[in-house]
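Two complexes, one shared chain (chain A), two partners (chain B, chain C).
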Partner chain A sequence: MENKETYWSENTRIILICLAIWFVVSFGFGLLLVEPLNAISLGGYKLGFWFAQQGAIYSFLGLIFWYGHKMNQLDIKYDGESK
Partner chain B sequence: MEELKLYTYIAVFGTFALYFAIAWWARAGSTSDFYVAGGGITPLQNGMAIGADWMSAASFISMAGLIAFLGYGGSVFLMGWTGGYVLLAMLLAPYMRKHGKFTVPEFIFDRYYSKTARIVAVACLIIASLTYIIGQMKGVGVAFSRFLEVDYGLGLGIGMFVVWVYAVLGGMKGITYTQIAQYVVMIFAYTIPAIFISFQLTGNPVPQLGLGSTLADGSGMYLLDKLDLVVTELGFKEYTTSNLGGTLNMFAYTLSLMIGTAGLPHVIMRFFTVPSVKAARQSAGYALVFIGLLYTVAPAVGAMARLNLMSTIEPSAGEYLVYDERPQWFKDWEKTGLLKFEDKNGDGKIQYTSNKTDQPVTITGAISGKEIVLLPNEMVKVDRDIMVLANPAIANLPNWVIALVAAGGLAAALSTAAGLLLAIASSISHDLMKGVLVPDLSEKNELLAGRVVMTLAILVSGYLGLHPPGFAAGTVALAFGLAASSIFPALMMGIFSKRMSGTAAISGMCAGIGITMLYVFQHKGIMFIPGTSFLGDMGPNWFLGISPNAFGVVGAIVNFGVAFAVLQVTGPCPQHIVDMVENMRAPGDAPAAHDH
Partner chain C sequence: MNRHLKVAFMVAPFLAVLGYVGADYYNENLAAETKIIQLAAEGHCDIINQSCVLKSGDFKVNVSDEGGVTEINSTFPLDTATLFLVDKHDKATPYPLGMLKSPYYWRNETPLRSLVSNKGDSYKLRLIIKIKGGQYISEFTTQTAK
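Coming up: the complex of A and B.
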């Protein structure tokens, strides 16, 4: 029982970290901070524009795979299975 | 032209033959095959199938066109339709797979121990899915009539027949393997023209990099800077900064699309087809890889199509395309009525500007600072949907590439239609019939019922595609609004709150849908009938400037608020439900997706 509780709280902690990054790269860099970031350029891209149309999507990808990886580790730690 | 037609027939009917062969090979033998493909799909296969399931005619045909004309404002679609997968991967899919049932309404029934909740979920699912299918069916009809010059209705009929064969025969199993093939067709059809065009314009064949590169015309100018300059000289808004209704509206729009994506039942269902919780999490990642491939190319397609269109019509400042010398693609699209020219000043040349009046207007170029005289706009109609389809022709690409785009558009529309049809069929045969009306239905009869219902659903959606209701255009917003304001919050609370009760969740769902529909109807008309919108569809009347399409997130907030308020009054759910939620959250293996 206690095991289940800590498994769940570790899971929610990882989710919160991921969602914070999810928010920052899309709503933060792509929307709220787009104007200051547009002053910086990345090749021919304005940085804010790049986040909104490219960077956010790459970050989402990284997040989902990182989350899957962390959860696999947690599953092994609490359940002892690696499949 | 003849050669193009031959190639198009080969591409379209070649891919159809492939889908039939797959359907025969993967036909369904049990309800488990029919609803969840026997539960034996690998994450990689599932990711690809989710990609095809999710990316519809709207993603393939319309999105790049929207971005081409909205510029930076089009980012809401890019972020909104991909960010939802983060939510799906972390907040819904693994736990729902752990619970191990066939359909979304069944999950709602188990978690909220209420047949009413199940029926409400079925209703939301059917409305959201049917409105979506209309768009796919229209896409099929348009693709046929444009590329093969057959009658719209006949094209629609052929499309219905193809879906019927592989969806009814194969159920989820047939659909999954066909969707994998359709994804491959679709992604080639989308990226090959983009690679060609990116290479032509910038010398860089990778569209994602080409968009940030300098032009290959020797000017040394960045492509996006050039585009900004060209559009502002014609009085349009600067491409890379043009906003869509203000920051708050863009914020709400993006968030609504994200939670709407995560709440669409035909996508969630696909996570029930994999063998484990781990595989469900991986599927979401692979799905976004395959979706992201198209979604990161789309902004390049949009920007490059816009630049090509502008420079075809006005090769250099003040030098206009002569109407009688217009290229073949221009004539082809004029025939469809999606492109229209009116020679307002009678000079026989085409002026394409932002000036909607009849008189020349003088403006100051936003970037160049020069004084510019804008002649009245003569491109009176440029439909956004033609950008992707016309793009290869505008860029003078070989005919086989154009043929491939036709097959890709059809693959996108058919794969999504099949997924939606399965969601509808399963919610009726499994949730309504087996679950509520005829509990002692045998497996064999349930399978038969599923096939009959799917056939009926194809006929209904074909009819709606042939006689699209006046509100067809507005319904996509409604589908996302419904999913965002009803299904997503109900599922999320079911997993993340152990105490959430059935009564509270049903109240929340009804309140969320209610306020979203009210808002959409009051600005777009009751059932989208023109003239019945009692507040008018205009910015000043919008709540905090949020457009009706972006309102789903407000509905979701209302849903959460009402549910927790009712929970305070009526008290938490019974202990056996708490145990069930704990089991969903616990590590360990998921049971095979099963019946009661």
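Coming up: the complex of A and C.
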């Protein structure tokens, strides 16, 4: 029972980290901070514009794999303990 | 692909749509905020001889007068437009312009032509234009060149 609770709290922590990064990348970099980021150029594109157009999508894809990896580790950790 | 990755791939499109809706809502609110932008005359302004263009970035307004009817023609559709004739005591008389056919053309009868009918005559005007998300203002002087 305790194991399940710890597993769930660690799972929740990973989800919250993912959601925080999702918010920072999509709303933060793509909208709220777009003007200061536009002062920086990335491969000829303004960074704020790049984040809104492509960077956010790349970050979301990265987040999906990172989440999968972390949860995999979590499963191994708790399955290992329960065995 | 483990089950967590499958769940993440299923949830991600919903988050993307949520992000899109949120961004759209934010931008719409931002656009609805009133911004005041000044229009400046592009070169010499002579309304009577159909040569007066006010400009701010891509937005241009052409001001002209034909037979006592003062007309403005803009590059973007307008919500409202008011022209003020300002006399030498700085007293402004408003002339709200009415839409003509489309929101790109606005006009009203004004006494401007009689005030600047001779060569060299000049008169101060103000123009206030409202567009969704902004208010364009301008104070300029028309001078009859010929």
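Just so we're on the same page, the second predicted complex is superposed on the first by the 79 of 83 C-alpha atoms of A that agree within 3 Å, B and C clash if a C-alpha of one lies under 4 Å from a C-alpha of the other, contacts with A are read in each partner's own complex, and residues count from 1 in each chain.
In this section, a residue touches a chain if its C-beta (ideal position, glycine included) is under 8 Å from a C-beta of that chain, and two chains touch if they have at least 3 such contacts.
In this text the structure is predicted, and so the values were computed from the model without any measurement.
Put simply, more of the residues of chain A are touched by B, taking chain B and chain C as the two choices. In the superposition on chain A, contact of A:79 is made with chain B only, not with chain C. Of the two partner chains placed by the overlay, chain B and chain C both lie in contact with A:22. In the superposition on chain A, contact is made by A:67 with both chain B and chain C.
Once the two complexes are laid over each other on the shared chain, residue contacts for A:50 go to chain B alone; chain C is not touched. Touching of chain A by both chain B and chain C, each in its own complex, is seen for residues 22, 26-27, 30-31, 56, 60, 63-65, 67-68, 71-72, 75. Residue ranges of chain A in contact with chain B, taken from their complex: 4, 7-8, 11, 15, 18-19, 22, 26-27, 30-32, 34, 38, 42-46, 49-50, 52-54, 56-58, 60-61, 63-65, 67-68, 71-72, 74-75, 78-79, 81, 83.
Chain contact summary for the complex, chain A toward chain C: residues 22, 26-27, 30-31, 56, 60, 63-65, 67-68, 71-72, 75. The residues of chain B lying in touch with chain A in their complex are 67, 72, 74-75, 78-79, 82-83, 85-86, 89-91, 94, 208-209, 211-214, 222-225, 240-241, 247, 250-251, 254-255, 276, 278, 281-282, 284-285, 288-289, 292, 295-296, 299, 582, 585-589.
For chain C in complex with chain A, the residues that touch the partner chain are 1-2, 4-5, 8-9, 12, 15-16, 19, 22-23, 26-27.
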